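Structures given as structure tokens follow.
Here chain A shows up in two complexes: once beside chain B, once beside chain C.
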Partner chain A sequence: MKKSFVIINKELKSYFLSPIAYLVLTFFLLISGFVFYIVLAEAVKNLTLNPYFNEPINVPSLIISTFGGFVGTLFLFLGPLITMGVYADERKKKTLELLLTSPIRDGELILGKYFSGLIFILILLLASYLNVLILFYVSKPDLLPTLGAFLGLILFAASLVSLGNFVSSLTENQIVAAIITFILFLILWFFDIFTRESTTGWRGVLGYLSPLKHLQTLQRGVINLYDIVYFLSFISFFLFLTYRSIESLKWRS
Partner chain B sequence: MNKGRLGLILIAASLVVIAGISIFYSIKKMWFDYFSYIYIGAGAIFLIGLILNFDNIVEYFKTRRGIYSLNSVVSILLFLGILVLVNYLAFYHNKSLDLTPNKINSLSPKTKKVLKNLKGEIKAIAFYKKVDDKLRSMLEKYRDTSPKFQYEIVDPDKYPDVAKMYNVKYYNTIVITNGKKNELVDSVDEAKITAAIIKVTSNRVKKVYFLLGHGEKSIKDKNVTGYSEIAKLLKENNFKVDEFSILDKQKIPDDCTVLVIGGPKEKLFDKEIKIIEDYYRKGGSILLLVDPMEKYRCGDLLKFWGLRPENLFVVDVNGLFFGGQLGIVLVKNYPKSVITSGMSGKVSIFPLVVPLKTGEKGKFEYEKFLETSPFPGSFGVKDINSYLREMNSQGGKIRFRKGLDVPGPFAFGYVVKSKDKKNGRGRFIVITSAGFITNTFIKDNLNSDIFLNSVNYLAQDESLISISPRKPEDKRIYLTASGIMTIFYVSVVLIPLLFFIIGVVVVVRRRRLK
Partner chain C sequence: MIEVRNVSKSYGNFLALDGVSFKVNKGEILGFLGPNGAGKTTTMRIITGYMPPTNGDCLIDGKSILEFPTEVKSKIGYLPENPPLYTEFTVREYLKFVGKLKDLGKSDIEDRINYISEKCGIKDVLNKLISKLSKGYKQRVGIAQALLHDPDVVILDEPTIGLDPVQIREVRDLIKGLGGDHTVILSSHILPEVSQVCDRILIINKGKIVAEDTPENLTKKLKGQTRCNLILKGDGEKVREILTKYSDDMEISGSEELKINFSLKSEEDLRPKIIRELVEAGGVDIYEFSTERLTLEDIFLHLVTEENEGRE
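== the complex of A and B ==
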């Protein structure tokens, strides 16, 4: 396992010593900050200052879930860009062979690569949640549901990274990896949207397969055992596929 | 063509056929008998293809590559199988944790118990034009609590046949069904949905008895003034229906869930009144329909609940206009109550009503759910004969006579709740218009819904009525315009800038180090 940390260290260094990471971060925070501001301003205008709105409403939690949903959508676009190069780039530069013949075991390599991508996306997530801290300053949001929603986003991002890693291991072309990851995740995303109207039969199964459905439950402030199991299964399945795919490189060539 | 290639073509062709039929079925939802034969045929061709390729397959798996890929595929399938199993177990033995302080994502303990004891599958079919957030989150709560609960949201305009199958007449109706029995629910309300689930699943049949013996309207009477249609409607809603006379049995039948007293024409005996009151005290449910056409207006019965019929003839301007008869009352706006929630704007019609006065408050609480329009929409006339004479002499125009007539509105439907169990543990509803559910009046309006809602309310389990919707804690954010501007600067300028500066510092320092 120690060697995984070596990989993580090396990968994160290469992320954070290049200007691109900071440009991505700045860009991401600019968009999410702007959305946060819009959501907050609208909520204050329409829900708090509207004298006709008498129903009890939890404005901070509404803002947090809307913001969380948006950050999740943003990940859908950003995730593939972060993971596209993980293996594809190394394969193209022929450095992956070096890694594979080094004394690092395949599993360690895969976990190291996986967690470095995940840590990078978590830094993005944490930075964007600075906005939510502001919310704690101007109002009293409920802490537990906020943490639950945050956990949802972490698991969601972790799933996205594991799928992205797998796709990246299949090709030498980064752009192809990014596009395929995006399309696959988009399809899974739409599984939820197309099956919202029914839980019966195959539509129930398709809906269950969509990460969006499970993310939404966590965003509502509910933790279901099966939501957690789903995300962990999703992550481990694609890590396992990555493992098999990297392993196959040895005997396929 | 060699054997192997022919085999590949056969495999490909059979797969195309199978996929084609599957896609057709999933989109069109139609399955023809011959599909099954084609399916089997395609499966056979697939097998033949495999057999033709048998040698090649065996050859492939003899190579190192073949062994490894077989190993890979098998291990992936195995892993996937385990994951499917784990997810299946997690879904069917789900534990749920609601993090919100008011538990707005949770169902009441009563509902949870009902769902836990479900034996078969229950399906909710919601007939909504648009997928409503409130509806979906409510159905999701049920779904998350029990995997035996399924739901479907159907647009009744797109599938009118499905709506017709379940007897759905209005938008935003939810049908609860177990495949055999159906129950209609008219709003996204936990108490109502759970009550419907109980009703669909329980074998105990709820029985509605209609009182006889004093000229009440009969459920066997198929004439315009009879109750035969409403009895049919009750049966459709999973109630048993019967008639009885207290004089025969000297008591209310033991299996009586709701007692309907449908417009008695003659005074009840004191002994009968006492039996009815006792029935109420011990927890019985009563729906009293007073007939304003008669002299006897159940004053002696109503006294127990502190209510008094007023001797007024109600003139409703809209009722006269639409009904063509003096005395017809048209209701479009309903006071907020358990019976008429969600009915606002829809019309119900009452042929003659008697205004009700509530007595001293203290023992009972009164929730009015039917009321005539506010003045000048309705007013009460003390002596109808002299009013009619005057009206006819003035060319048939209706007119409010100041000083003589009483301005509306008048309440004529009450849910009476006892404040103290000592006053009685039952439930009581009164509507002073026995004619409103006769065979002529229940068509094309809300009358039957008002009646059914009343009976459903009276027949409900005690514990369900106490389920009230969970509401989020009221939290608002108060910010001035400058406060909002500050947030703009922090969120959109400061935070991104901070990371940008860190980036510049790191990159510049690294360049210098080089």
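== the complex of A and C ==
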């Protein structure tokens, strides 16, 4: 596992030496800050128009869950930009040949790559949740839904990174990798919208496959194993596919 | 040190390597020679464990690359056809990463970087971004990367490509200096380069080994072969009669002034004998008698084209 840290170290360095990281960071913080402001202003306006509104709903919690939902959507757009180069760029620069002829196991390489993408996206998440911290400072939101939503977003981002890693290993072209990752995740996303409310039959299956459905459950503050298992299997599945894809690359190239 | 056992590799229906076997002894420098697409890179990729062979096995120090990949890989330094460089890093950052990847300890890394950058002539550019370097420097960083962890086995795929003549000589000397301590395989399609550096040459074409010997022996093999050009006037029939005694592949052109091209296959120098005989036969005026020695280049072409004709 020591080698995974070597890879993580190098990947994060690479991220912060490339303009993409700074563009993503700036864009993400700008938009999420702006949205937080809007959600907050909207809530305050409603509150002043309707004084009976604040009972029995916890307004800060409402703000946090709206904001969390939005951050999830934003990840959908920015996640592919973070993962697109992971393998595609190595293949294009032929540096994969260095990695695969070095004394490092494929598994260590894949985990190293995976966690560096995850760490980067977690940095984004933590930075945007500074807004939420302020709310905790000035008011008393419900803790459980906030934590649930935060956990949900972490798992959601982790799934996105795992899918993105797999897609990136399939091509030498970063743009293609980004677009395919986005489309695949969007399709999974839509599964939930099309199969809303039904939990049986093929609609139920498709609905279960959608990360959005499980994210929403967690964001309501309902933390059950069912959703966590879903995310963990999603992540493992695509990490396994990445492993296979890198292996097959050796046979093909 | 390196043993390649009956290795084959096919890409779909295309057979890139067809039962290649050879050995390289410790401290030896082996030159891998062949036209583009002959299977040099494929062989090297199999030895370094980048790709598995379809058939056969490859042993480094008695250990199979397929069974002990990480252990064997740590003994190999490899410069692929395209130097694998992270262009957003500086040379120092890049070499540090490679050092860690290859299990060098923290204190060793600094020492090795200093030592190797001196040896490869990249000391001045250590703090420059790799993307800003010229092709020659990039190639040398690639070589430095392969030698950084002081591997037992060094495999260099076209190490002098993209370098200018002065740099080529430097790299050549560098490689020569590796022999003895390191076992080296280097590939090239440029003959003089290989013949000057290597202890042994292996010529490969269309996935098969067509010749394997020291540069001297390879040259010696065709040393008896000398191509002669003769320009004379006189009785063509008589001349032909005399020359057939010495050569079997004579070509005569021209009508009045005869131009004859033939080869001599003998350790003994037959030229004075032939000239004397021609003159004594009478009625023949010799205008020119010249010879061209076959070089390693010709041997190479000879082997490679012969093989091609045999296949088609």
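Methods note: the second predicted complex is superposed on the first by the 240 of 253 C-alpha atoms of A that agree within 3 Å, B and C clash if a C-alpha of one lies under 4 Å from a C-alpha of the other, contacts with A are read in each partner's own complex, and residues count from 1 in each chain.
In this text, a residue touches a chain if its C-beta (ideal position, glycine included) is under 8 Å from a C-beta of that chain, and two chains touch if they have at least 3 such contacts.
Everything quoted here is computed from the prediction, not taken from an experiment.
A.B. asks: Evaluate whether chain B and chain C can sit on chain A together after superposition, giving fit or clash.
C.D. replies: fit
A.B. asks: Regarding the shared-chain residue A:R105, is it in contact with chain B (first), chain C (second), both, or neither?
C.D. replies: Touch status of A:R105: second partner only.
A.B. asks: Is chain A touched at more residues by chain B or by chain C?
C.D. replies: In the superposed model, B touches more residues of chain A.
A.B. asks: First (chain B), second (chain C), both or neither: which does A:L17 touch?
C.D. replies: A:L17 sits against chain B and chain C alike.
A.B. asks: Quick check for you: in the superposed arrangement, does A:K94 touch first (chain B), second (chain C), both or neither?
C.D. replies: second
A.B. asks: May I ask you to decide whether A:F70 touches chain B, chain C, both, or neither, giving the answer as first, second, both or neither?
C.D. replies: Neither: A:F70 stays clear of chain B and chain C.
A.B. asks: So after the superposition, what angle do chain B and chain C open up at chain A's Cα centre, nearest 10 degrees?
C.D. replies: 150
A.B. asks: Which partner does A:W251 contact after superposing on A: first (chain B), second (chain C), both, neither?
C.D. replies: A:W251 contacts both chain B and chain C.
A.B. asks: Pick out the closest CA atoms of chain B and chain C after fitting on chain A and give their distance in Å.
C.D. replies: 5
A.B. asks: Which residues form the common part of the chain A surface touched by chain B and by chain C?
C.D. replies: Shared contact residues on chain A (touching chain B in one complex, chain C in the other): 17-18, 251-252.
A.B. asks: Would you pull the chain A residues touching chain C in the complex into a rising list?
C.D. replies: Residues of chain A touching chain C: 3, 6, 9-10, 13-14, 17-18, 93-105, 250-253.
A.B. asks: If you look only at chain B, which of its residues touch chain A in the complex?
C.D. replies: Its residues touching chain A are 26, 64-65, 68-69, 72, 75-76, 79-80, 83, 86-87, 90-91, 93-101, 104-105, 123, 131, 136-137, 140, 143-144, 150-154, 471-479, 483-484, 487-488, 490-492, 495-497, 499-500, 502-504, 506-507, 510.
A.B. asks: Which part of chain A faces chain B closely enough to touch in the complex?
C.D. replies: Per the touch definition, chain A meets chain B at residues 16-19, 21-23, 25-27, 29-30, 33-34, 36-37, 40-41, 43-44, 47-48, 55-61, 63, 127, 130-131, 134-135, 138-142, 144-145, 147-148, 196-200, 202, 204, 208, 217, 220-226, 229-230, 233, 236-237, 240-241, 244, 247-248, 251-252.
A.B. asks: Under the touch definition given earlier, write down the residues of chain C that touch chain A in their complex.
C.D. replies: My answer: residues 11, 45, 48-52, 69-71, 73-74, 76, 78, 80-82, 84-89, 93, 97-98, 100-103, 145.
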